[in-house]
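Input: a single structure, listed below in structure tokens.
Chains here go by letter, A, B and C, matching the order in which they are written, and residues are numbered from 1 within each.
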Amino acid sequence: MGDNKRRYVIPGEVITTGPYRPDQNVILEDKKIIATKVGISEIYDDSVKVIPLAGKYVPKSQDLVIGKIVSHSSLSWEADINSCYVGMLPASDVFGRNFQPDSDELTSKLGKGDLIAARIVNFDRSRDPLITIADRELGKIDSGELVRISPSKVPRLIGKQGTMIQAIEGATNATITIGQNGLVVVGCDNPDGLLKAKKAIRMVDEYAHMTNLTDKIKQMLESKSE
Amino acid sequence: MASTSILDKLKRNQIIDLLDKGQRFDGRPFDEHRPITIETNVIPHANGSARVRLGDTEVVTGVKIQPDRPFPDMGDKGIFICTAEILPLAHPTAEPGPPQEGVIELARVVDRGIRESGMVDVSQLVLEKDKSVVGIFADNSVTDHDGNLFDACSYASTAAILTCKVPKWEMKDEKPTLVEGELSDPPITTIPVSVTMARIGEHLLVDPNSDEWACMDARITITTNSDGNICALQKGGNNGFTTEQIIKCSQTAISVGAKIRQKLEQARQGN
Amino acid sequence: MGGRDSKLVLLDENGIRCDGRKVDETRKVTIKAGVLKNANGSAYIEFGDNKILAGVFGPRDVHPKHMSDTDTGIIRCRYHMSPFSVTERKNPAPSRREIEIGKVIKEALRPAVILEKFPRTAVDVYLEILQADGGTRCAALSAASVALADAGIPMRDLVAGCAAGKVEDTIILDVGNEEDQAGQADMPIGYMPNLGQVTLLQLDGVLSPDEFKKCVDTGIDGCKQVYEIQKQALKDKFFGNGAA
């Protein structure tokens, strides 16, 4: 890779020794900074971390995520958010503070299989993460197709200051909602545009580590559809 | 929790909308199966084996052949048994432990499809009448589950049985003794092929993948033999079929079955 | 198991073993990472004639709930032999031997995985022996480690497995099936190469104190060789052609 501050690592490999603070996906053992996941290590002035290439989504407060409702109790829904834990959406989030468990029927608003754009409210590991859909750009998703990518590829899909996602949306006329958890919803009136947009997203997932990715995608987007 | 097997509503609606327009989500014609690859002799220590990929569904099957006691009242017939297991690594909802009703049905349907066709001539598998016979066991292990395990297991079992080698035993002192180095082809009379179809609304689809399986109203698995006759059938699912649909499915099973039979013949020649 | 050649020579005068290997030589090992579509992580290993598939799910919800731990994630491991994996067809129901091996492998992996950050979850490791030829637990352990890394489970180190043993009063590396049955000792070992920790160790047979030390050292050498192959399997999958 050339740059000796970035390196491919596997779990157990020593990245460096020295007075660094262990950041994400590394541990400090005996003055050695050791990678805990397959990924790309990065050494900063005072800390070391690994950008993982595998693993489920770890919820972070304020993240936008796409979820799929999988069940409900009388007081809340549970959503699959591609994480180790299910997201909890309290009924009061949708019905308001005057929510009455006896009369307000949860399934009238959201049912099994519905997709939602939600935000992580908080996550402290002792309980399942709390999510909310009470915001203008959040809520039930009524149209579009779901594409799953690895959560670690999301920054690449967004691109520097949004350049990658804007390029894809621009070339295809698609509307793309990206969840930090690797779930992406693509909507497009034009079936060709939809196919190209989905293909571009899958290309980012598969080739994110390559340097000429932007060119490859540009090429694909500009080519005539079959 | 079965969260990952819940199909999101948007996709379900898209699948049904496309079907009403005459299209399948993955672009296949209604009467076409997913790409099939058949590899044989993947477990060389077994007497026969195959690995089949049907789209993203994958099954590994091994055939073991060994002497056994005949079933009572069937002293002039060898033993043929087919089993199936969905390995827990095949799907997030597959759990280890005693098989549940779905897996038991899978194993029994696959077994019946091959047994009722008479594929293996068990009268050729007798060492000493009423005392000692040859037993052929085909064990299917599903390693990756993306729908339609019935057909994947059927093709894997058939390919493994077609390409297995049967050792020779001689009776010595009332016991079957292995004769080293003598292997023969199995006594095959026909090649059974199962074809599974799903009904979604009015549409009948061959080889449903797991998304289509999640949307379907009912399913039917029909096994045909080399003569183009129907030798086994199983209807499943929580809804029904009209008589016309059943007849149509039987016709599809024969024509699609013939194409798949060619692939199985090729796999047999390849050995 | 009957009818074995009683003239089987386990070690000849040139130091060559019954399958043509030298005393410090392992069988051929190949590993491929990421071979299954549904599992979160997976690996396939061929270790000599052993063929083993490993699949990992997790961290995920634990069922039944009473098995979960409020302080940390747990790891569960199932070792299972396919009915067609051994000479005489095996009943698919798990045997006591398989259950013990599952436990031993689980305990070999536990020190390597970092689960404290995932309370109330489980990491499930499923090992399927498709073809067995001696040394399956070490091979399965090696595949399990690669599958865990493939799934992105945080780990302190990989765990590599290899057995050492004794035939004809000589310490050998990587005990094959016939050597296991006719030899004098078999010692499976699981080892974390970067941390220098032995996490799986069992012994069948009789060894003097000197032989014991030599056996452990030989086995660890074997584990280090297997580790290089585990590393390469992950690099091939994740780093493509641009491996650093």
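We take it that contacts are C-beta pairs under 8 Å (C-beta built on N, C-alpha and C of every residue); 3 or more make two chains touch, one makes a residue touch a chain.
From a predicted model like this one, the values you see are computed outputs, not experimental measurements.
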{"item": "Required steps from subunit B to subunit C (each step between touching chains, minimum)", "value": "1"}
{"item": "A-C against A-B, pair bridged by the larger set of C-beta contacts", "value": "A-C"}
{"item": "Chain at maximum distance from subunit A, centres defined as averaged CA atoms", "value": "B"}
{"item": "Distance from the mean Cα position of subunit C to that of subunit B, given in whole angstrom", "value": "32"}
{"item": "Centre-to-centre distance between subunit C and subunit A (centres being mean Cα positions), rounded to whole Å", "value": "34"}
{"item": "Gap in Å, rounded to a whole number, between the CA centres of subunit B and subunit A", "value": "39"}
{"item": "Multi-partner residues of subunit B (at least 2 other chains)", "value": "1"}
{"item": "Overlap residues in subunit A, where contacts from two or more other chains coincide", "value": "86"}
{"item": "Residues of subunit C touching at least two other chains", "value": "60-61"}
{"item": "List of subunit C residues in touch with subunit A within their complex", "value": "40-41, 58-61, 70, 73, 112, 114, 117-121, 149-158, 192-195, 231, 234-235, 238-240, 242-244"}
{"item": "Parts of subunit A lying in touch with subunit C, wherever the complex brings them together", "value": "1, 7-8, 10-14, 25, 27, 29, 34, 36-39, 52-56, 84-86, 125-126, 209-210"}
{"item": "Subunit B to subunit C touching residues, read off their complex", "value": "1, 43-46, 49, 56, 58, 60-64, 66, 83, 85, 87-92, 96, 137, 139, 141, 143-146, 178"}
{"item": "Partner subunit B, residues of subunit A touching it in the complex", "value": "68, 70-71, 80, 86, 111-115, 141-146"}
{"item": "Sites on subunit C touched by subunit B in the complex", "value": "3, 36-39, 42, 49, 51, 53-57, 60-61, 63, 78, 80, 82-85, 87-89, 92, 94, 124, 126, 128, 130-131, 133"}
